[in-house]
Amino acid sequence: SGLWRGTRGHTSASRLDLSGIYPPIATPFTAREEVDYQKLEENLHKYAQIPFKGLVVQGSNGEYPYLTEDERVEVVKAVRRSLPSDKLVMAGSGCESTRATIQLTEKMAAAGADAVLVVTPCFYKGKMDSRALIEHFIKVADSSSVPVVLYSVPANTGLDLPVDAVVRLAQHPNILGLKDSGGDITRIGLVVHKTSRQDFQVLAGSAGFLMAAYCVGAVGGVCALANVLGRELCELERLCVTGRWDEARALQQRLIEPNAAVTRKLGVPALKQAMEWFGFHGGACRSPLQPLTEAETEQLRRDFTSNGWM
Amino acid sequence: SGLWRGTRGHTSASRLDLSGIYPPIATPFTAREEVDYQKLEENLHKYAQIPFKGLVVQGSNGEYPYLTEDERVEVVKAVRRSLPSDKLVMAGSGCESTRATIQLTEKMAAAGADAVLVVTPCFYKGKMDSRALIEHFIKVADSSSVPVVLYSVPANTGLDLPVDAVVRLAQHPNILGLKDSGGDITRIGLVVHKTSRQDFQVLAGSAGFLMAAYCVGAVGGVCALANVLGRELCELERLCVTGRWDEARALQQRLIEPNAAVTRKLGVPALKQAMEWFGFHGGACRSPLQPLTEAETEQLRRDFTSNGWM
Amino acid sequence: SGLWRGTRGHTSASRLDLSGIYPPIATPFTAREEVDYQKLEENLHKYAQIPFKGLVVQGSNGEYPYLTEDERVEVVKAVRRSLPSDKLVMAGSGCESTRATIQLTEKMAAAGADAVLVVTPCFYKGKMDSRALIEHFIKVADSSSVPVVLYSVPANTGLDLPVDAVVRLAQHPNILGLKDSGGDITRIGLVVHKTSRQDFQVLAGSAGFLMAAYCVGAVGGVCALANVLGRELCELERLCVTGRWDEARALQQRLIEPNAAVTRKLGVPALKQAMEWFGFHGGACRSPLQPLTEAETEQLRRDFTSNGWM
Amino acid sequence: SGLWRGTRGHTSASRLDLSGIYPPIATPFTAREEVDYQKLEENLHKYAQIPFKGLVVQGSNGEYPYLTEDERVEVVKAVRRSLPSDKLVMAGSGCESTRATIQLTEKMAAAGADAVLVVTPCFYKGKMDSRALIEHFIKVADSSSVPVVLYSVPANTGLDLPVDAVVRLAQHPNILGLKDSGGDITRIGLVVHKTSRQDFQVLAGSAGFLMAAYCVGAVGGVCALANVLGRELCELERLCVTGRWDEARALQQRLIEPNAAVTRKLGVPALKQAMEWFGFHGGACRSPLQPLTEAETEQLRRDFTSNGWM
């Protein structure tokens, strides 16, 4: 029904394989809150050494709501330029309105994104029922020249993309999969089950339930913690896909608290602090995100040390 | 501590009086989803005949998250141009980042806004504690050349500006008041109580609790329903401020269901439909907001007719 | 349709007038967690001096879920015995099952209750829709020989009795009113509005929104804080019903924080501690309710002193 | 520290092995809402043929909040009498107060329960923090002559037993494990991880996430759906514990929708209806639980047929 057919001709035969681990990269800022492209590039060089499937740019951890549209596109260009071409670039292009999402999606494709990650609009949450969300995503997928990955992140949006909407959208040839950050494993299993005929690909949206998600049929993960412990998450992936569940379990368990610390408990400022500890550039956050207090920094450190990571 | 001191010299003596009723105006769109300035202007001419204290432009009902920054500013200019100068223009200038909010605030002031309404940032809701929100609003208020009104709208943001943050911010000479759309009347009473020495002005954010808010000390209301039943809400104001509580109660009660219909229950599409019924231009919504279904239209109609408004 | 018709013959002409203030009395326990009837009686003698309309026995603050059925009935008997006959005794008789509620209601009536307060069953909250709740309350009201007051307390039950259920139940001749502890003032106004033909009586379930509830049409309040500041709440009632709203507002505002402290913030242990400070017997709580920590006691004291009550 | 030491002498060496599948049995009622012991016994005979580890009596699906204390004990006696002695009987003995829980626990032990399942008290949810809950469970475990299993079921109680409380309680020699019905798989993994030195046993509280729970380290499940599809759940257990994850996944996926139907979506009345379809006695529910509507019955049927179970 739209542009994507003519330009790329995706069919189920040629669907992009999303399986693997992706860090949703943080955006380092200078002390003056400008995007620090130098530090970003240094991070990218290090990430290129880790067996990631690709990178997510402008996921929630990238502080994308704090970037201008120009900055959002510019960062994607910088990543694409710097990253080996065999690594996928999945770019967040979701906006509140359908028209803005369509426009940004095209810019992201032009900037070199291999796929776009489109978050649920959420401001009018009372009206964002399946009908509205299906309409939104179909319009975006129809017009996009690159494949679309749905993105449900209720902790930020207050909204879970309903399963029936996912099932309906999975039938669209330009919608490849779902990043589910809600972590309801029953729901993830159900989505896999109900979309099994569409070769729909589900990615776990957090490291805390990555192994369980693999267990019920997910094909990969977009995990904030991969900014810090990327090799370990790729190792967890390898253990899961090769069926070495006992080893996987032991590793998974040690990742739960560090992951909670850099996401739900202490957020992006903690992620950036932990990146600094592990040899990456985190940098400052943009206001109104605040630096960690001393007590928070201690808590963060404890969540890594008590699990043997520091 | 900032720009606003020098340029306007607000002191407690000269504080802008916010008391009264404001419609948070809807933005009419054409069938192609462009801003329909012609229809907007016709609405403004009608609103000028109603004893409103002023208008809120880019409140939640204005679909501001669906407008570009340029459109947001342009609409404020159009309103200021068209509206008699004795009517206040309060412009929504809240963005997720502090820096974007500061920039848009200045554009709104330059576009003719008498005050800005600044919503709580909310995407990283887990990190938006009092510390972060106080820092955000102080930076904005310090730099703004026009007075700032705080805006708490948990139904959309998933976040209630904490009372202790409001109390702290009320001490800032460039923060005049709070639009509270949460509707917790105990909280509204407490805010009035704890800011009584600062001459802080609280506005009810919805018509459903307007009378109760006056009762506990609010000075006015920003009410979606004022787009439809503006005269009636100004009449309710008059009854409250003159102490005619029995008449006020009878009128208030008839407004609860129509108000719920155009806000919590059926949202902006219902507000725009009701505007059409009552002689204003509602127009289409931008996608992903969907037109009302037939069943929803019937429900909307019932909420007006059963209370004697149609 | 049931027993109550024959035995008492309530008609709308003879409906019990519920208007006024009620403390939902605390149950003092000994150090060994036995009901301390001696201390209870001393409290009752003091309450008899305050112009309360009556007392609620076995409301949430009475720790009724921690009492055996025998204790629940025994306490009501003790209260009825001790209290002047012109004071109403409203006894909590709600249980999870309809049959248990019916049985306890009869025991409460036999023990001397003038009316029963019946809380929404809540354990199977997903199934407690309007259909189930209407059925439950009608069966109870049909069989009860004393009038029934509905009780909605979402902070404890996780469930708000839906407005449509209240409106339906208000038509039952043996259902007199609603104690609403949720505090949504828009909802309270709507209930008053939609039941105006049934002479249905709404009681505010907390002191924090008592004045606002009067303002929108409530006829009284069942307020935990009345255990501590009973005279002051009766004075607030007097100011509201005589239309002295400015004085009412000043008094109401000073009650919000003490009320929040003994309810939402610090709960029954704080209520009992405050009772001790103000010359009543609070006594211990039953486990698992814990005594206040020192920090909590300080916070409680501050909420009273900063409002001029200590 | 209490009775249980002397009488049973549990040590970590002799800890009761909880691993396996348990139906939390439904309580069949007659049309007059009396416990139907005849039908109960017939169900038990059928359950005895299924390789369950044991039965849970008075779990949420047993409508225990609708039973009198005498009925609760009587049903346990009936189950113990009828069930082969190699099957465990785990009896729900949780009440709101600590003292009532202690008393009922002893009655359950005397009635033949091998262990008790103790739900979190929840009425005063604002006060049920880790401090209160730890105190409660320690007192119960100290005095109980049979081992205690913690029970967290937030959909009914509005309360999740905090992980730090679980970790603390796992050190008590008479607290064997946790039934977790919340289904947060990250939390379940973390509990397994943080209690690994205590040989603490975690049971999944619902069939929807049974496989994922095994994957992260749970040892069994207490699953409403086992009342209906007991053999299938025991087969799923076998596949998980023998590491046949691909087969497990295919089976697990077909169980998600039937499980949701008899729990979260349609509740106990649906569970009882499905039992009738599959050759067991469900019987009526006690009021206020209502029979399924026709539309609900259709939905229930669809959730079984579309997954190939009917």
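Here the chain labels run A, B, C and D in written order, and each chain numbers its own residues starting at 1.
Going forward, contacts are C-beta pairs under 8 Å (C-beta built on N, C-alpha and C of every residue); 3 or more make two chains touch, one makes a residue touch a chain.
None of these values were measured; they are calculated from a predicted model.
Among the remaining chains, the Cα-based centre furthest from that of subunit C is the centre of A. Copies subunit C and subunit D of the same chain sequence form an interface built mainly from equivalent positions, shared numbers / all numbers used being over half. Subunit A and subunit C carry the same sequence, and matching their CA atoms takes a turn of 180 degrees, rounded to a multiple of 5.
Note: centroid distance subunit A to subunit C, computed from Cα atoms, is 50 Å.
Taking each chain's centre as the average of its CA atoms, subunit B and subunit C sit 36 Å apart. Under the contact definition stated at the top, not a single residue of subunit A touches 2 or more other chains.
Judged by the touch criterion defined above, the protein chains form a single closed ring in which each chain touches exactly two others.
Touching subunit C in their complex are the following residues of subunit D: 33, 60, 65-66, 68, 96-100, 121, 123-128, 131-133, 135-136, 139, 155-156, 158, 264-265, 267-269, 286-290. Residue ranges on subunit B touching subunit C, taken from their complex, read 183-186, 189-190, 192-193, 196, 206, 208-209, 211-212, 215-217, 243, 245, 249, 252-254, 256-257, 260.
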